[in-house]
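Next, two complexes with chain A in common: one pairs it with chain B, the other with chain C.
Now for the complex of A and B:
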């Protein structure tokens, strides 16, 4: 018997009127995805390696309504999304629904196309067919299947070949208070043509208590020589459940960077799967999670080196305080023939409370011999000597701890080239850090 | 002849023509321990049922409680399924086609009565059973297929109060000790293969070191699978009482056969207060031929428990054999300030697969663990390190350091690292480092320019790569391990 969560989703799907319905291939793909989701349900508590550290038992028992009928009318103050250094085109979704009134899509720079998925489907669905007919068949892919069946909107972003978009594009997902707990599913497509350049900010924010279920699935394609700077600020409501998954493909000489700061949410799963298909493709990632309360944040990073002379450098930091649990699963895969791959992964964590837990699993899978691959992971606490040094300079214990913790995390954000944004992320991070009394 | 070699060997050979007859010979050298000893064996018919378990227990004249213990394990096994999470490919195993007991027909009373053919076998393997035993100061318990055939140096050990005998004998003469400790580290239902072993284990070694005794010599067991269509399910139990000290060595070989034979052993170590156990393994089961046909499935559950404060368990393993090696010698660090160590060299060649590593479970305060793992992959093999370091809530001040290095020889092999770190105590420090590399052209060029042949150069570089682990092996084992690595790597680089 399927769980309440699965039942509610399947029932909602039957009643849902999704954009683009009536397009035969889309209907078929949605149906197939839903059937697969209904048949397999959520990953079981044991036996699926990808879900080893994230139990879904509580989620299984919850019933969410699909979408928010009033989303178009919910008041959301601009402060919710305003970010320093991010003043380009903006697309705002409230509880999964596109809000033209809050977005800034007029006068897009030449070479940039940015439309909501619902409109793209109404105008010309065919170019989206390749993405929207993808099937997610692996055993741990329940949420991607669910998204493929139920995504009602999202962003479709294209940068024409050779176009360099100077101002960062801002895509905001706002959780707003509702009468009932709701679920939203959004699908984003990002495509950079040959030699195109883009800076993109994915932003999760809350406009009040919004313990919703959010499910975001993104496909990101970089053609040859394209460059993407992606920043993710996850500052969702403390009660939110958020599943995000990005699938990235990089062509020859393409470069992508990812900076991620995870602060909010009660149960968060953040997956990034990158495939470095082209020769000399490069993908550098930097990420921080800072958790407290009973937060559970599970980051899963997988970078597959397929082309020759590809590179990837991953540097992730995590801190868990109070009763929080932080999980990092990072995999570097070097496919047969991917000679010249240079892959590094570093994951360091601070455990700040006796009730908190950190689980880390850095994996190397190497099938080629001309490679440089290394990873390191640590779990520990602040260095007592550094603390002593600061105390001896007259800095209080709590402040000294915060300073050191901040410095520990900040290393992952330093390489962000948007200085104003980096500064803001630093401030947000510092505000979240535990200030503890004298011990 | 040429078709027997993998493509990559061909490539390398074409790139750097050796023109050397000895290299050619080395390339085609066979598994050196792959002979079959032609002696009569007595075995149970193939198949597994409660009757077989009872018959096996009866054959060994076991007390009622042991029979019941086996049956409980068997019933539990029936409810379990073979795990699938390891990074190994294997076909289904037909547990009904295996014979669960095979013993040489002539039961020896003393070393002199041991079948000369058997002794010859050990001679070929270089087991120091007779004279060399005394010279090397080694007491050997030899397990041939399923039963322990001879134990040397019993008297000297008895003087020190050490019990070193076969498991069957221990069940008969020291039932209270066996009953007290068996299954306390690896319970009957621990996992699929441990449950199978608990039901049908045939023999193995039993070691008991009394309080305060430092075992006067290295204890050693040699395992050999001889008969076809059999499995080997030995069970080893080592108990080190307060303040005692023991070093135990185990070696394994098997003849060449086209079938895949199953070896599912269980090893349990118990270290009480201040006790130290050092367990060293050189595993050279038949790895299958260069096309991946035949070879041993080595699915072993090895676990030690540092039950007392200040105790220490050290696992050292050199794994060169077996078609599939799937094992994780582990330490449960229950006592305060207890120490767990794991040193491993795993080499895979041709179509061999290894998924091996360790688990360090920190329960006590100020417990320490250290893991050094060296994986070498050649041919079309797959070599994975999988390790868990777990720090539980009460393990104040726990400390772990893990280092995993992989060396790739050739383009068609795989080297993987799957470390798991689970930390629930904020005073713990857990560190993991891993690297993957290949033998560099610079290193090779340097050696070659000094007139060192290719094979020798590879073997020197591999030896250097493994040094950290070999240092932990008892001397005579270190020599054997080094040789084994050389032999196993022959043909890896043309």
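Now for the complex of A and C:
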């Protein structure tokens, strides 16, 4: 007997009329994905390593309506998405639905294509066939299957070979209040041609209480020598459930950086799977999660080195206060033949309360020779000596704690080259740190 | 200003201070000397309010208040300053930001207006000259990558900026070469005033050539066993701490 969550999703799929329906290959792919999802359901509570730290029991019991019929008319103030240092093309989705009126897609720079998936399917679905018919059999990811079956919109972004897009592109997913609890599924495709350059900001924001279920699946492809600077600001509603999965492929000499700041959500799973296919491909990641209340945020990073002389440097920081729980699972895989790989993974965490919990699991799998790989993970408390030093100079206990906690996370954001954005992320982080009475 | 009476302090279950009494008045400089393990650093830490120091007996009165009841930041705002023996490196916290936060927190506590960055920088410029600290250190993280001498000079610079009423220097001379020692002493002497008192904790007499104390006390086995003027330090230099130990034992036998 399948769970209420699965039943509701399957029932909604039967009634849904998704963009592009009627296209035979797409209908077939959606049907196959849905059947696979319905048959397997959500990952079981036990026995699946990837879900060891994140229980889906509560989610299993929830029934979400599919999509928000009023999404096109919901009022969302610009303050919801405005970010300093991010003033390029903008694509805004409200409750999973593309909003042309809130987006800024006029006069796109030469070499940049940015259209909503719904329109791309209506105009010419064929170029998307490769991505949209990809089956998630091997990974068996329930949420990817669900997304493949039900995604109604998303962003299709292409940068032509050699094009350098100067202004950062801003893709915003806004959760807005609705009458019923809703689910949205968005699919994004990002493709950078040979030697193309792009700075991209994925931004999750809330325009009021929005305890929705969001499911975002992104395919990111960097052709040879392409460069991508990706920043993720996850500032969703505190009641939101958010599953995000990015699958990245990097060609020879391609370089990608990821800076992620996770602040919002009640239950969040953030997966990044990168495959460094080409020689000398490089993928550096920096991430911070700052949690409180009963938030549960699970980050799963997996970087597979396949080409020769590839590199990856991962530096992640986590802090959990009150009864929050953070999870970091970081895997570095060096495939046979991927000689000369240089991989680093560091994950340090701070517990700010005795009830908080952080689980960190770094994994190294090396099947090649001449590999440099290092990893380290810690979970600790604030350094009492530092705390006393600050207090002995007159800084109150609460402020001293905030200052030290902020300093602890800061290293992960420092390398962001967009200074205005980096400062904003720092400010957002600082605002989230616990200011509590003397204890 | 400060009155310590029969102070007993335990650290990690072990009694370190065992009946220490000391009275310090405004304008005075008291040197506290003693062998390693006598409890010199414990005294500084307990006065500054560090956790883990359990006062089992005795009292500390500071300007009429029970100092032991105050949080470390309250003591700082009331004018108590500890120059650390081992200043802590705090990566990610900018030195200037830290100093301004500290100064403003103290001013706020005293009901004074907070300084904006212009006013603050003006004060910094004035004080920085005295300590010969390079601008560059101000822009680094607190004590991070500072040499031993830079760390100690930074402590004295902080003291100059925060203008405490009671400054406790915990072995500020340790690990300093003679030039750095002179600079530190110069910084301290510049701050000497009739309103301000110093407790200079040191293992060696050398520092007292440059910071001339009004009183010298010998701390051994957790209490002050000998007090005198600056000539006591010279005697110690000559005879060593064993001499005091013998005299202390004699005094105890007599009592």
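Going forward, the second predicted complex is superposed on the first by the 436 of 439 C-alpha atoms of A that agree within 3 Å, B and C clash if a C-alpha of one lies under 4 Å from a C-alpha of the other, contacts with A are read in each partner's own complex, and residues count from 1 in each chain.
The criterion applied here is as follows: a contact is a pair of C-beta atoms (placed from the backbone, for glycine too) under 8 Å apart; a residue touches a chain by one contact, two chains touch by 3 or more.
Everything numeric in this text was worked out from a predicted model, so none of it was measured.
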Request  = Record, for the superposition on chain A, whether partners chain B and chain C clash or fit.
outcome  = fit
Inquiry  = Quick one: is A:369 in contact with chain B, with chain C, with both, or with neither? Answer first, second, both or neither.
reply    = first
Task = Determine, for the superposed model, which of the two partners chain B and chain C contacts more residues of chain A.
result = B
Task = Would you sort A:336 into first (chain B), second (chain C), both or neither based on which partner it touches?
result = first
Task = For A:354, select first, second, both or neither according to whether it touches chain B, chain C, the two together, or no partner.
result = first
Query = When the two structures are overlaid on chain A, which partner does A:254 contact: first (chain B), second (chain C), both, or neither?
reply = neither
Task = Could you look at A:399 and tell me whether it touches chain B, chain C, both or neither (first, second, both, neither)?
result = second
Task = Scan A:407 for contacts with chain B and chain C and give back first, second, both or neither.
result = second
Request  = State whether A:86 touches chain B only (first), chain C only (second), both chains, or neither.
outcome  = neither
Key: Superposed arrangement (fit on chain A Cα atoms) - minimum chain B/chain C Cα distance in Å   = 14
Request  = Report, in rising order, the residues of chain A that make contact with chain B in one complex and with chain C in the other.
outcome  = none
Note = Residue set of chain A touching chain B in the complex reads 47, 49, 336-337, 349, 351-354, 356-381
Message = Help me check something: in the complex, which residues belonging to chain C touch chain A?
response = 48-51, 71-73, 75-77, 81-82, 84, 87-88, 90-93, 98-99, 101-103, 105-106, 109, 141-142, 158, 162
Ask   = Can you name the residues of chain B that touch chain A in the complex?
value = 85, 391, 393, 406, 408-438
Chain C-touching residues of chain A, taken from the complex the two chains share = 383-386, 388-397, 399-400, 403-404, 406-408, 410-411, 438
